[in-house]
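Just so it is clear, A, B, C and D label the chains in written order, and each chain counts residues from 1 on its own.
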Amino acid sequence: MKELTYREMGLNDQEFENIKTIMGREPNYLELGMFSVMWSEHCGYKNSRPLLRTFPTEGPQVVQGPGENAGVVDIGDNQALVFKIESHNHPSAIEPYQGAATGVGGIVRDIFTMGARPIASLNSLRFGPLEDARVRQLFSGVVAGIAGYGNCLGIPTVGGEVYFNPSYQGNPLVNAMCVGLVDIDQIALAVASDIGSPIMIVGAKTGRDGIHGATFASEELSEASAAKRPAVQVGDPFMEKLLIEACLELIKEDLVAGMQDLGAAGLTSSIAESASKKGRGVMVDVSKVPRRETGMTPYEVMLSESQERMLIVPRAGKEARIEEIFTKWGLDATVIGYVTEDGMFRLMEGNEQVGVVPVAALTESCPVYYREGEEPAYYQECRSFNPFDLEPADLAPALINLLQSPNIASKEWVYRQYDHQVMTNSSVLPGDGDAAVLRIKGRSKGAAFTTDCNGRLVYLDPYQGGMQAVCEAARNLACVGARPLALTNCLNFGNPEKPNVYWQMQNAIKGMAEAARALNTPVVSGNVSLYNESADRAIFPTPVVGMVGLMPDIARRRGMAFKDEGDLIVLLGELSQELGGSEHLYLAYGLEKGAVPPVDLAKEKSLIELLLDLAEKETLASCHDISEGGLAVALAESAIKGKTGFKVNLEQPLSRWDGLLFSEAPGRAVVSVKPSKLDELIAKAKEQGVPCLTLGRVEGSKLIYQGNGQELIGVALDQAVSTWGDAIRCSMK
Amino acid sequence: MKFGVVVFPGSNCDADCYHVIKDVLEQPVDYIWHREKEIKGYDALILPGGFSYGDYLRTGAIARFSPVMPAVMEFADQGGLIIGICNGFQILLEAGLLPGAMLRNRSLTFICKPVWLKVQNEATPFTNQLQKGEVLQIPIAHGEGNYFCDPSTLQSLKDNNQILFTYCGPNGEEDDIHNPNGSMANIAGIRNCKGNVLGMMPHPERCSEEVLGGTDGFKIFASMLKWCQEVRL
Amino acid sequence: MKATIYVTLKQGVLDPQGEAVKNSLHVLGYQEVNEVRVGKYVEIWLEGKNRAEAQKELEEMSDKLLANPVIEDFRVEITEG
Amino acid sequence: MKATIYVTLKQGVLDPQGEAVKNSLHVLGYQEVNEVRVGKYVEIWLEGKNRAEAQKELEEMSDKLLANPVIEDFRVEITEG
């Protein structure tokens, strides 16, 4: 492998100078490599840290906030949910199947590293338009990779989202989230504290996979990146499954002082992170690290990103028992070094010292950049655009187009490939509700999970879009009947060194932070993926929010499907005309413009409280929030799911109806109730100050939309079902 | 009635089966680690779903050589009940305890969805709580459930009423549209000649509780219990 | 010594993967393709043993593990040593 | 005309399947096995074309569809006709 210069490793001149100052000398090649990966954005967060600090991270429910492998929230009975979302965008762009598969593997390790049993996976995906053959290849490869890995592990993939937009053409997004369940007194942390205690590596042998992956993940994709590309990591889900079972056994028997997964930057990062927590040092003999390939240099061993490896720091005297357990699972653990007092990261090859770096230099000394954002020209221009200057489109065709838009159409083609029922906890299945719901065995409570982000809205107005992402996630949880607890996030942006991109980050994060505060859903974990750009353009800024919620009684979970003929259909929240940033504008006019309908945090909050209140009283037959496609699509989806028609009538003075039908204004939900429960609903809504408007009833086998008593749209249920149901499957044939 | 759930490296429905037996059927149950060489004191074994040994090479191909398998075969010889679910079915095929083999789903993709099953034979330890012709809804979750065997084997399966479940539509239509994976003769589950070993691709343990949306699967475990308590004694 | 084992689906066993590959090749414009069958290609490096012994053992391995006689045929070929 | 395409994992790319097969061969008592790699063996029957053309086309097919150039190598061999 030819030697790289510090620039090729992704360090700039100033950073190289800092390193020399810290070291008091020129670093050798190995040391330089270690700095370069630890100081990459992916590990060091040098561009994002100042912004991340503005997130609210505390609350009575928070057991562990950012800083560990994953966040932890209390769900009572000495139980907690452990969760995090992480990106694998660049690897997936190069090799969709393996890139996505190893993405799942990585986030799952972050969860069981904390001592938690992984109980659910979700994923948030973004691709270019499906008309493009290469995109279809990426899409099917990524989905197959997530399925191949997650299904083999036996962790149900219960939810997620998929969007298609030209901005992701050259740079798809693959974000994987995992949720684990743990007894609070069993939580494990990644620390190496006791001086002299051995450091073990266990799992897969180390090969030359993904060397400099972390650096690679911190650069723009280009033709060059293909050439520069490190050997692609191939996942071994079977090995990971053995690791999960073995590691959870160690935790159960309280045999480990510290446990850390090997993720980005491999041994270098995981050892440095474990040692830094207590200001310790380490002595590591690279020649002890089990290899898959011959002739590997210390540099390659320390930077390898081979998958399915864990670092274990045993409790004193427990080594033997640990060996036993690993042997039972057919794994061998190898001692590669020990913890020292002096805070130095010492690397030996046999008895020759090949490198020595202060641990803190790799972690704390990572530079932090306070950049200046600059409002992009497009912002005001898009805001000032008024959709009502456009001729209204024909309504019926517009609805059909929305139903068959891959951004709205059924995602069944995707989730049928995921085992979403293994572990026998899934009680609201993919597609049946606004969030996934799992029962907690042996308890009456349930947990709900969702991921959300509408990149187009964030692009048009990062501040509003950021708030929206958090609000939609919380709303989705409330719709199924769960109280939002806390969130994780994956900040997918372009090149932060570009002032316009940095401005997007600043404002999106500002919006997310404000919403998270208002809704009392602190940020407990997350991940940052920058430099998501390809030759021609940056992606839509896409800060994906993953949120978890809790419902006291799972019997009160709610789906989105209309139930019985005669049930009344009610809109909670206001009628809105605003079409800014809507899918309708995009489909009917090819426009991604307009002022994003503003979020009113107070109103979001009262809607959520109302939905929870109604869940407790079991007032509703169905509940579905209004998002892409607006009121019209929300109604259609509830009908399609319920295999029934409906008739609704909207009243207004205006002459055009596209706004009312297709506005994606936030803070709203479509619900259905037994007529006998209408009064109760209205009373509750009044209490919470949420507008509540009866639109019509569930009936027949036609979707009928009236305006001032005149039929605006009439679609046969069967047509709606096939249009919405087959869109993605057919384009993937 | 005492159940044993055999655990291979890579099994991932072992805990689900254990849960159904212990908490829903409320019968005693143990895990049996694949290194065990002896199986004593059990009335029934469950070979659970999952990806034993990663399902590398062929599903069930490597598990079939686990140290525990000779004991499993002996258990079968002595007439003990064995139900192999999904990967468990694939292992039974590889081990030759059941005839035939699994090919990849004709869609070439993993499929996770509820399917309808038609009960073809009610006079067995696994179906005595069901009616012949009854239609059950039970989820599948597999990439290789496309059952194959040669014509003479298929004939003998039919002649000996060894086919217990076939894929069908909501009203029992046994047609190709309702065949999710391309299985020969819509086969979803078969038993051995002796009748004490069942292999099925669908997952009864995934629909044995209301909270999971259905309880049809429970009837199969209930049948095993019934058979053990009454018929057999 | 190195050996190669070719595992192929028996005649009469339908090959969903081969079918799919054929269809996509047609879509890609390779109309001249009449049939495609996808099998496994297993490379094994082993020690000691003379050719004859090795051949015998490899046949065993294939028969027991590498191929499933119900649906697959195999062929063993000692390529080196 | 019949052609065979051998698809194998690139040097240095992890082969979990090969590992698993090796381990199970060891369990079965074949200790002499040092390494196992599992690849694909694709048989294609096609019409017309002279050998040279066919060779070229088959290489294309392999590069586009049969092999994944990022992690796999392939070799085309025209066996008959």
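By definition in this document, contacts are C-beta pairs under 8 Å (C-beta built on N, C-alpha and C of every residue); 3 or more make two chains touch, one makes a residue touch a chain.
These numbers were taken from a predicted model, which means no experiment stands behind them.
A.B. asks: Measure off the straight-line distance from the CA centroid of chain B to the CA centroid of chain D, and report it in whole Å.
C.D. replies: Centre separation, chain B to chain D: 34 Å.
A.B. asks: Using the average of all C-alpha atoms in each chain as its centre, how far is it in Å between chain A and chain C?
C.D. replies: Distance between chain centres: 41 Å.
A.B. asks: Mind pulling the residue numbers of chain D that touch at least two other chains?
C.D. replies: Within chain D, residues 16, 20-21, 24, 28, 38 contact more than one other chain.
A.B. asks: So which stretches of chain A touch two or more other chains?
C.D. replies: 236, 238-239, 330
A.B. asks: Quick check on chain B: which residues sit in contact with 2+ other chains?
C.D. replies: 53-54, 56-57, 62, 65
A.B. asks: Building nodes from the protein chains and edges from chain pairs that touch, which of line, ring, star, complete or other describes the result?
C.D. replies: Its topology fits none of the listed shapes; call it other.
A.B. asks: Which two-chain combinations touch?
C.D. replies: Here the touching chain pairs work out to A-B, A-D, B-C, B-D, C-D.
A.B. asks: Using the touch rule from the top, collect the residues of chain C that touch chain B in their complex.
C.D. replies: Checking each residue of chain C against chain B gives 12-14, 16-17, 20, 40, 64-66, 68, 70-71.
A.B. asks: Using the touch rule from the top, collect the residues of chain A that touch chain B in their complex.
C.D. replies: Against chain B, the touching part of chain A is residues 144, 147-148, 151-154, 236-239, 241-242, 329-330, 415-424, 426-427, 429, 439, 441-442, 554-555.
A.B. asks: Sort out for me which residues of chain A touch chain D in the complex.
C.D. replies: 94-95, 97-98, 204, 207-209, 231-236, 238-239, 292-293, 306-307, 330
A.B. asks: Would you pull the chain D residues touching chain B in the complex into a rising list?
C.D. replies: 16-17, 20-21, 24, 27-28, 38
A.B. asks: Help me check something: in the complex, which residues belonging to chain B touch chain C?
C.D. replies: Touching chain C: residues 57-58, 61-62, 65, 93-94, 100-101, 103-108, 146, 148-150, 182 of chain B.
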